[in-house]
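After this come two complexes, each holding chain A, first together with chain B and then together with chain C.
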Partner chain A sequence: MLLNSVILVLREVLEAAMVVSLFMAFTTVSQQSRRFLIKAILLGLIAGATYAYFLPEVSNWLEGVGQEITNTAIHIGIYCCLTVFLWLISRDINLPNQLVKGMMMTAIILAISRESAEIMLYISGFRSDHFLMQSVLSGSLIGLGIGVSCGIFLYHLMIALKPAPAAKCICILVVIVGSSMMSQATQFLIQADWLASSNPVWDSSHLISEHSLPGQLLYALMAYEATPTWSQILVYLTSLLLMLIVIVSGRFSRSIQHD
Partner chain B sequence: MKSIRLYLLLILVATLILVMFVSLLKGYQSSIETAQDLFDERLVNTAELIASANVAQTTSDSAQSPTSDYLFFQIWDAKGQLLTRSSTAPHIALSPFKKGFYDVNFNGFRWHNYVYPDPQLQRWIIVGERSDVRSSMAEDIVLATILPAFFGIVIAAILIWWLIGTGLKPLKNLSRQLASKQADDLKPIQLADLPIEMSQLVKIINQLFWRLDQSFQREQRFAADAAHELRTPISALQIHLHNLRQTYGDDSEDWQLMQASVDRMGHLVNQILMLYRTAPEQIAAKDESIDLYKITSDVIARDYQQFEKRQQHVELIGESAMMQGHVFALETLLQNLLNNASKYAPANGHILIQVHPTEKGVRLIVEDDGPGIPADQYERIFDRFYRYQNENSDLQLPGCGLGLAIVQHIIEMHHADIKLTNSAFESGLKVVIDFPAALNK
Partner chain C sequence: MMKKLLTCIAIFMISLNSYAAPPVFEIVIKDHLFYPDELVIPANTKVKLLVKNQDATPEEFESYELNREKVIPGNTQAIIFIGPLKPGVYPFFGEFFPKTAQGRIIVKEDGK
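== the complex of A and B ==
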C-alpha cells in the first residue's frame, strides 16, 4: 500500500511541481515578483479541495464518465494556457504583462486543482481503515517529498543558467509538459470510451517501468507510457508540433513588427 | 536569490529528502521481500509441524479448530483423499499436489499456500495464509523503521537552518560592520576568526576603503588649493575692475555687465567649494548643542545689508530652540535659504522666518512673497546647477543653481526633513525643515 501511495502521489505532485517550477523559474529569470504564483498555488489548492468534495457527484455525470471528461477538459485547459503563454513570450510580450500573468496563474490553478483533488480523494478513501491510513499517509508523504524536491531542483537548475538559455530551456520544457497534458487527456478519453482503445504500439516496460522513479519522472515530464497506443502518440506529436508552430509564428510576427 | 540561508536550507533539505526517500523506498522494497521470505519459511515450518502433530491415517470429518482466521491447513493422503482440515479450509484441494508455493483465491480473499509432501506417511499437507494479512504484517514491521525518518528530516531541517546561520555569521558581522559605518569612516574593517572564503573579500573591501580615503584626501587638498588659487585672482580682478572704473569714470552698460560677470564667477567658485565642503562624505555633523534661533538671528544680522538694499521686510518669529548640529553647516543653510528668499521676493517684499522647538526637535520655516515655484518643480530644484525660471517673469536673477543642492547636503547631514509648499503670503515659497533634536549616528 505504501508503494502504491508513493506512486500515485508522486505522479500527481510531479506533474504540478513541473508546471509551478517552470513558471517560478521564468518569473525569477524575468526579475519579477513571484507573489502572484503563490496566490495561484493557494487558489489551486482551494479549487482542488472543492473539486475533490464534488468529485463523487461529478463522476456520475455523462453516464458515469464525468470525472474522466472533466479531467480531459482540465488538461486541455492547461495545454491552451501554456500555448498562449508561449505565443505571448515568443512575441516578446513578457512579464509583468497581465495576460502572461493570467495564463501562468490559470495553468497553475488548473494543474494543482486536478492533482490535489486526486490526492485528497485517494487519501480520504482510507479514512475508516486506520492501519492502512498509516501506510497511505507515509507513502503520500514520501511521494510529496520526492515530487516537491524534484520541483525545487528543476527550479534551481533553470535559474542557475544565464537568462537567455534559461528562457529557451523553460520554453522547451513547457512544450514537452504541454504535449504530455494532451497525451493524458487522450488517456482519459480512452478510459471514458470516448476514444477507441487500440493495441499498444510498443512495450518498453522492460527498459523503464511506469512504476519506477524514472518512469514517474518521465510520466510527469512527457506522459511516459510503456505501452502507448497510436492515438496517444498521434495526439502527443500533433500537440508538440502545434506548440512549436506557435513559437515560430510568434517570433516571425515579432520580427515583422520590428522591421 | 533573496536569502542565502533560505536557498541553502531549501536545496539541502530537498537533497536530503530526495536521497533519503528514494533510499527508504529501496529499503522498503527489500525489507518487504525479506519479510515475505520469513513468512514463507514460517509457512514451511507450520506445514512440517502439522505433519508431525497429525499422524492419523484415517479420514476425519470433523474439522479441527483453526489456529487463526487467516491460516488454514489440509492433509490429503496419496490417493487424494482429504484426511483432515482446519475449519477455515474447504473440502477441495486448494493447490495442486506438487511441492511449492501457490497463490489462490477463495472465501473472498487471496491466499498464499505451501504444499508439503510428507515423505514418511506419503501425505500432502497444504498450509495457507491470507496474502493481505501477510502484506499488512510485513508493512507494519517495515513502517516502524520508516516513520522515524520523517521526524529525522524535520530535526535535520532545523539543524541545517541553525548550522547555516552559524556558518553565515562572519558574513553577517561583515555586513553589520559595513552598515554601521559612518559616511566619513574609511577605516579598514577588523573581523576576528575570518574564514578563508571571506578573507579575500574583506581584503578587497579594505583596499577599496584605503583608495577611497586617499582619493578624498586628494580632493580635500585640491579643494583647499582651488579655493586659494581661484579666490585670490577673482578678488584681484574685482579690485582691478573697481580701480579701472574709478580711473576712467565710465559707468556704461559694458562695465556693469563685466562687474556682474566677475561677481557671478566669485559666487560660483564660493558655492562650488561650499557644495563640496558640505557633502556628507566630507563633513559629519558634530554632537554640538546649538540654539538654532540664535544662529538664525546672527545670520540675519550679518546679511541684513542685502535685505536693506532692496527695502525688504525681514521678520524672525520664535524662541530659543536647542538641537545638535554643525554650526558652520547650519549657517550656510540659512544663508542660502535667506539669499534665495531675498532674491525672489520683490523690492519692499516680505520674508518671514520662524524657529520653534517641536516634540521631536526643531522646526525652521522660511517663506517669502516672491513668485513661488510650481509643485512639480519641488524635487528638481534640489538638483545641482538646476535653476527654475518662471515663464511669466522676465526677471533674470543671478545665481548658479547650487544653493538648494547645498541645503540638501546639510539636511542629509543632520537627518532632517525638508518640505516645500506655498507661502502664507499671496504668492511665494515656504520652506519647512524639521531637525531632530539629537543626531542618531
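== the complex of A and C ==
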C-alpha cells in the first residue's frame, strides 16, 4: 500500500508542481514577492477539497459524464490563463500587474484543485482503516516530498539562468505545459463521448511505456500518450501554435508601441 | 424485386444500427476486485461501460491502453465510453487498489 500511495500521489503532485515551480521561478526572476502564489496554493487546496466532496454529485451531471466535462473545463481554464499570461508578458506587462497576478493565481488554483481532489478522495477512502491509513499517509507524504523536490529542482534550474534566458525558458515550458492541458481536455471529451473516438495514430508504448518513469515524467510535462488519436494531436499542435502566435503578436504590438 | 427489397431492408437495418445507442457492459467493483475481470466486447464498436463501485471506498478506473481514467466514489456508479477498438487485449486497473483491482477488456472481431 505504501509504494502504491507514493506513486499515486507523486503522479498527481508532479503535474501541479510543474505549473507552480514555473511561476515561482518567474516571480523570482521578476524580483517580486511570492506571497500571492502561496495564497493560490492554499486556495487550490480548498477548491480541491470542495471538488472531492461534491464529486459524487458532479459525476452524475450531464447523464453521467459530469466529471469528464468538469475536468475538461479545468484544463481549458488553465490553458486560457496561461495564454493570457504569455500575451501580457510578451507585451512587457509584468508583475506586479494585477492581471498577470490574477492569471497566475487562477492557473495554480485550477491545477491544484483537480490533482489534490484525487489525492484527498484516495486518502479519505482509508479513514475507517487505521492500520492501512498509516502506510497510506506515510506513502502519500513521501510521494508529496518527491513531487515537491522535482518542482524545487525545476525552479532552481530556471533561476540559475540569467533573467532574460530564464524568462524565455519559462515561456517555452509554459507553452508545452499549456498545450498538454488541451490534449488532456480532448481526452476527457472523447471519454465522455462528446468527441468521436478514433483509432490511435501510432503506438509508441514499446519505446516509452506510459507505465515507466520516463513515460510518467513526459505525461506530467506534455501529457504523453503512447497511443494518441488524431483529434488529440491536432488539438495539441493547434494549441501550441496558438500560444506561439500570441507570444509573437504580443511582441509585435510592443515593438509598434515603442516605435 | 424481392432481392432489392431485402437489400433495402438490410441497408436500413445497418444504418439504424449505427445510430442506435452503444451496447452497455457492466463491471462491478467489490472488495477491490473487478467482476468480471475479463470482459469480451465486439471490435470496431463503441461501447458504454457501466462501472458499479459497491465498495465504500472510492476507486479510479484507469487504463493506459484505453486512455481512460475516472474516479468512482464509494457506492456510486460511473459511465465510461470506450472504443471503437481494434481486436486485442486492453488491460485496466483500479489505481487506488492496483494490487487486487486488475482486469482486461478483450476485443474480438465477432464479439464472441
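The rule is short, and it goes like this: the second predicted complex is superposed on the first by the 233 of 259 C-alpha atoms of A that agree within 3 Å, B and C clash if a C-alpha of one lies under 4 Å from a C-alpha of the other, contacts with A are read in each partner's own complex, and residues count from 1 in each chain.
As a convention for this text, contacts are C-beta pairs under 8 Å (C-beta built on N, C-alpha and C of every residue); 3 or more make two chains touch, one makes a residue touch a chain.
Bear in mind the structure is a predicted one, so any value in this text is a computation, not a measurement.
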{"item": "Touching partner for A:L37 - first (chain B), second (chain C), both, neither", "value": "neither"}
{"item": "First, second, both or neither for A:V6, with chain B first and chain C second", "value": "first"}
{"item": "Partner chain in contact with A:F131 - chain B first, chain C second, else both or neither", "value": "first"}
{"item": "Which superposed partner A:L55 touches (first chain B, second chain C, both, neither)", "value": "second"}
{"item": "Partner chain in contact with A:M24 - chain B first, chain C second, else both or neither", "value": "neither"}
{"item": "Touched partner set for A:S149, first chain B, second chain C, both or neither", "value": "first"}
{"item": "Winner by number of chain A residues touched, once chain B and chain C are compared", "value": "C"}
{"item": "Chain B versus chain C as contact partner of A:V246, first or second or both or neither", "value": "neither"}
{"item": "Chain B and chain C footprints on chain A, overlapping residues", "value": "none"}
{"item": "Chain A residues touching chain B - in the complex, by the definition given at the top", "value": "1-3, 6, 131, 134-135, 138, 141-142, 145-146, 148-150, 152-153, 156, 213"}
{"item": "Chain B to chain A touching residues, read off their complex", "value": "10-11, 14-15, 17-18, 21-22, 24-25, 28-29, 135-136, 139-140, 142-143, 146-147, 150, 153"}
{"item": "Interfacial residue positions of chain C with respect to chain A in the complex", "value": "46, 56-58, 60, 64-65, 67-74, 76, 78-86, 95-99"}
{"item": "Residues on chain A engaged by chain C in the complex (per definition of touch)", "value": "4, 8, 55-56, 59-60, 63-65, 67-68, 118, 121-122, 124-126, 128, 187, 190-193, 197, 199, 205, 209-211, 225-227, 229"}
